[in-house]
């Protein structure tokens, strides 16, 4: 059926045609921030695409080199504003590895709950924006914001801020969660599950949505690996890689959960992997809540000013968009000598050219949406 | 068509739900005790002077260098027949709210519990027409605490719920 | 060799490294390698002109199979030159290695590895513009994050200063030098 | 040679002009209400509240918008083609309003009842495509030209199923005059005899109106508004007005042809108020359906859109005409129409589901980690 619907005749032999340069961004409704790409289009088909990034470059790496370890947390939040807990997590775990700090049990569970909740909120954001990219007028966006609002309210109750939490600290978390935390998380999980159901029935089976997303922007597993993609975008191609499982950090190896992989590596699989991943997140959080026991949340002896011995570590965690790594070099003292952020979005965005060329203009937009970039993480 | 029918059924089900809009300017949602807006200075009502002694601890710890602190000798000190035990006291204090990134570090490093993050709506609704108006001086920083329009929640690093519930059992009951 | 941390200093190394050492040694037969042990991963350093050869060996060797370039960055060691750091991972074998290349300040130039890992493309562009390291043979040597016309400023070098902070508090403060 | 209007006699041209003016003036107000209704209804589909600050429950929102738009500067890009750019809104706006000539609002409330009413309607409404292309070309903007070409391709493609669906209804009703078609439906509405025709008409109407899922010419998330990306102020609002007026006229033509307009189910004997209620209710239902679809489905891609029109809708509309022809020629009972209509509609749905490459299948869930399991064992 598809072959019949999408057949087009080869026009190039009949007319002399001229390619059109189409500039998308930096201000465009679907570039998810300040991203610019110049597309060469032949009619409706993209022949070439050149991405331009750097509009949001703030030098977070350089700034971190001039800050002590606690001050750097705030800048890490701002590299990934949609999943700031995950960004903080990589950073503080790198510091802990360097300073050889033992993190108390309770703090680890709290960290896991919050980073998984943050994964939920980030994926909701993806679903919303992606739904709008495919052309549903606002409905998925508002559904997403409705659920994200509940999550962010919870984060505010815990950390005091809605987006830039600065809550994870080297050694643990800054202060304990509120007394009614467990109940509140359960409440929020319930509403999130409802939100995922809403999305599932709104988009996942809609024929037009499937026609738009399936078979579009497909990438093979080999190419996805070679281009350094990570996270759901990589797993959608069928690569079974999840840092949470392969190199377990925190307590992920003590829980029962599955890694979701796709088969086709197209836009739809990237979307649906995320939807299923959200359900896994809910599963993880519910198990964490059962194991959350009272106890200290920072090590007994925390120095007032943290200093680390010289050394270097590349600490990677599985953030919602993929591998978020912090390469930290210390030469002793209270600040990193070099702090490099390995941004999953940057590496995923590299694949854009390969994904887009040969597709339609309208598909270019949803392909960009499907790799779910956060420009502040791309540019850092 | 079945999928489209399912989508339409779901949107119609949502159509019948109650709207979730919070009518913001006319309705302010109660914000949690831990909410962090911008830092404020606290007023010691017992002695009627600020807690802050101008020790520069917060100024040094601030990652974005948004603070400027000047200290002076306390005219109200006991040696000068005053009532205060503070030898030095804050003279001038500026915080540039436009630069502040609300990281809470100034609160954590303060030795005198003199600075706190504003956890009222006043702290969030700070829009002005001129960026210069976001540079708060000492009087502006103190005014909210002086009028009692702030419920202090000065987080102690590493504080667990057990210690909280023992110490402030009554408070937390009230706030919850 | 600027960093040679004593091994006994670290207590939280993950796992036993002997296996990965033997794999890497087998893969890199005939290539001069210096070993170190990092916090989580093993670190090897190779000579500048052998990096492409070593990379290819690490990727193509069946036991090593480092097919995934996690990260590529550089560290400015000031007087001691610079080092370029490759973090490699094998998706099938699930092991890591960190490869380092040390460069002297006189010749900040090394061959590109984009032919081995296409993922290196943008990462090398970023390193090139931020540190001023030339990657010879790079297919697309434009600036990545900075404007294209800037080619003599390298922000992540240690001798590059931070920008001045614009101070709004000075105005109307009414204090001068003697009061401070 | 004179016509009665409000008890006075006029020259027929003057009379038509006055009637049309009344309709246009009235429609402008109705369109404002329609915009308000769309915002409120879509808001409820989103679980929001919608406009609520301007006037009681936000009722004056459209008025405020109109005032703002009129007050805005009318900008023209320096490189634009001045004549094409400035005339384009009229080419979109005027044909839509000329289409109101043939609509039988209620019994005896109309501008003119043309004998070839349906033909006139489809002929005049397709002129507005020229306006779209002019807007796209005149703007000297690449998004605009892409949008204009999409609009032209889509408008022409969906014109055919639309006409054929209306034609098949007219075959059964035996007239192209809209009030005759309405009278024909005083007992049973034509949607019962022509379910396939109604579906084709509805889909083609969505495409003609550039509404979701066929809003690719404006495609906000891709080409940022398409042909009117460069327009502002009053010219932009004319496009907007034309869009909603088009929706209104399509709703009333659709309800007249397929739902029985003002007549069914109570006939014409119940007087004017009930007729108004019926006409407005059916038109409103049609419009609500358009809003509902807008809130629920994504946008098609250009090739899928064209393919759907030429390869699915067009053959099926011919099939409908064929069936009608058989029934009329051999004098078969109308129940045959219902049965074949439902069957062919089912066939159409089945074919439409074929546009999906692969049905939703649960993704592989890789079992528990291999490495960790080994570690736990050892």
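Every chain is named by a letter (A, B, C and D) in the order it is written, and numbering of its residues begins at 1.
The definition used in the following text is that a residue touches a chain if its C-beta (ideal position, glycine included) is under 8 Å from a C-beta of that chain, and two chains touch if they have at least 3 such contacts.
Note that the structure is a prediction, hence the values are computed from the model and not measured.
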{"item": "Neighbouring chains shared between chain A and chain D, ordered by label", "value": "B"}
{"item": "Core chain by centroid distance, with centroids computed from Cα atoms only", "value": "A"}
{"item": "Greatest separation from chain C - chain, by CA centre", "value": "D"}
{"item": "Rounded Å distance, chain C centre to chain D centre (Cα mean)", "value": "59"}
{"item": "Length of the line joining the C-alpha centres of chain A and chain C, rounded to whole Å", "value": "24"}
{"item": "Distance from chain B to chain A - Cα centre to Cα centre, in angstrom", "value": "30"}
{"item": "Centre-to-centre distance between chain C and chain B (centres being mean Cα positions), rounded to whole Å", "value": "41"}
{"item": "In chain A, residues with contacts to at least two other chains", "value": "139, 143, 146, 202-203, 205-210, 246"}
{"item": "Residues of chain C engaged with two or more neighbouring chains", "value": "94"}
{"item": "Numbers and ranges of chain B residues touching at least 2 other chains", "value": "1-4, 7, 10-11, 14, 20"}
{"item": "Touch list for chain C against partner chain A, complex", "value": "3, 5, 9-12, 14, 38-41, 43, 67-71, 73, 75-76, 85, 87, 91, 94, 96, 98, 117-119, 121-123, 126, 143-147, 155-156, 160, 162"}
{"item": "Interfacial residue positions of chain D with respect to chain B in the complex", "value": "43-49, 52, 292-293, 295-297, 349, 352-353, 356"}
{"item": "Touching residues (chain side chain A, partner chain B) in the complex", "value": "67, 70-75, 78, 106, 139, 143, 146, 149, 156-161, 164, 166, 169, 172, 174-180, 198, 201-203, 205-210, 294-298, 302"}
{"item": "Chain D residues touching chain A - in the complex, by the definition given at the top", "value": "42, 45-48, 142-143, 146, 212-213, 215-216, 219-224, 294-304, 307-308, 311, 351-358, 360, 363-369, 371-372, 375-376"}
{"item": "List of chain A residues in touch with chain D within their complex", "value": "1-2, 4-8, 20-23, 28-30, 41, 44, 131-139, 142-143, 146, 202-212, 214-215, 240, 245-246, 248, 253, 256, 258-263, 269, 272-273, 276, 360-363, 365"}
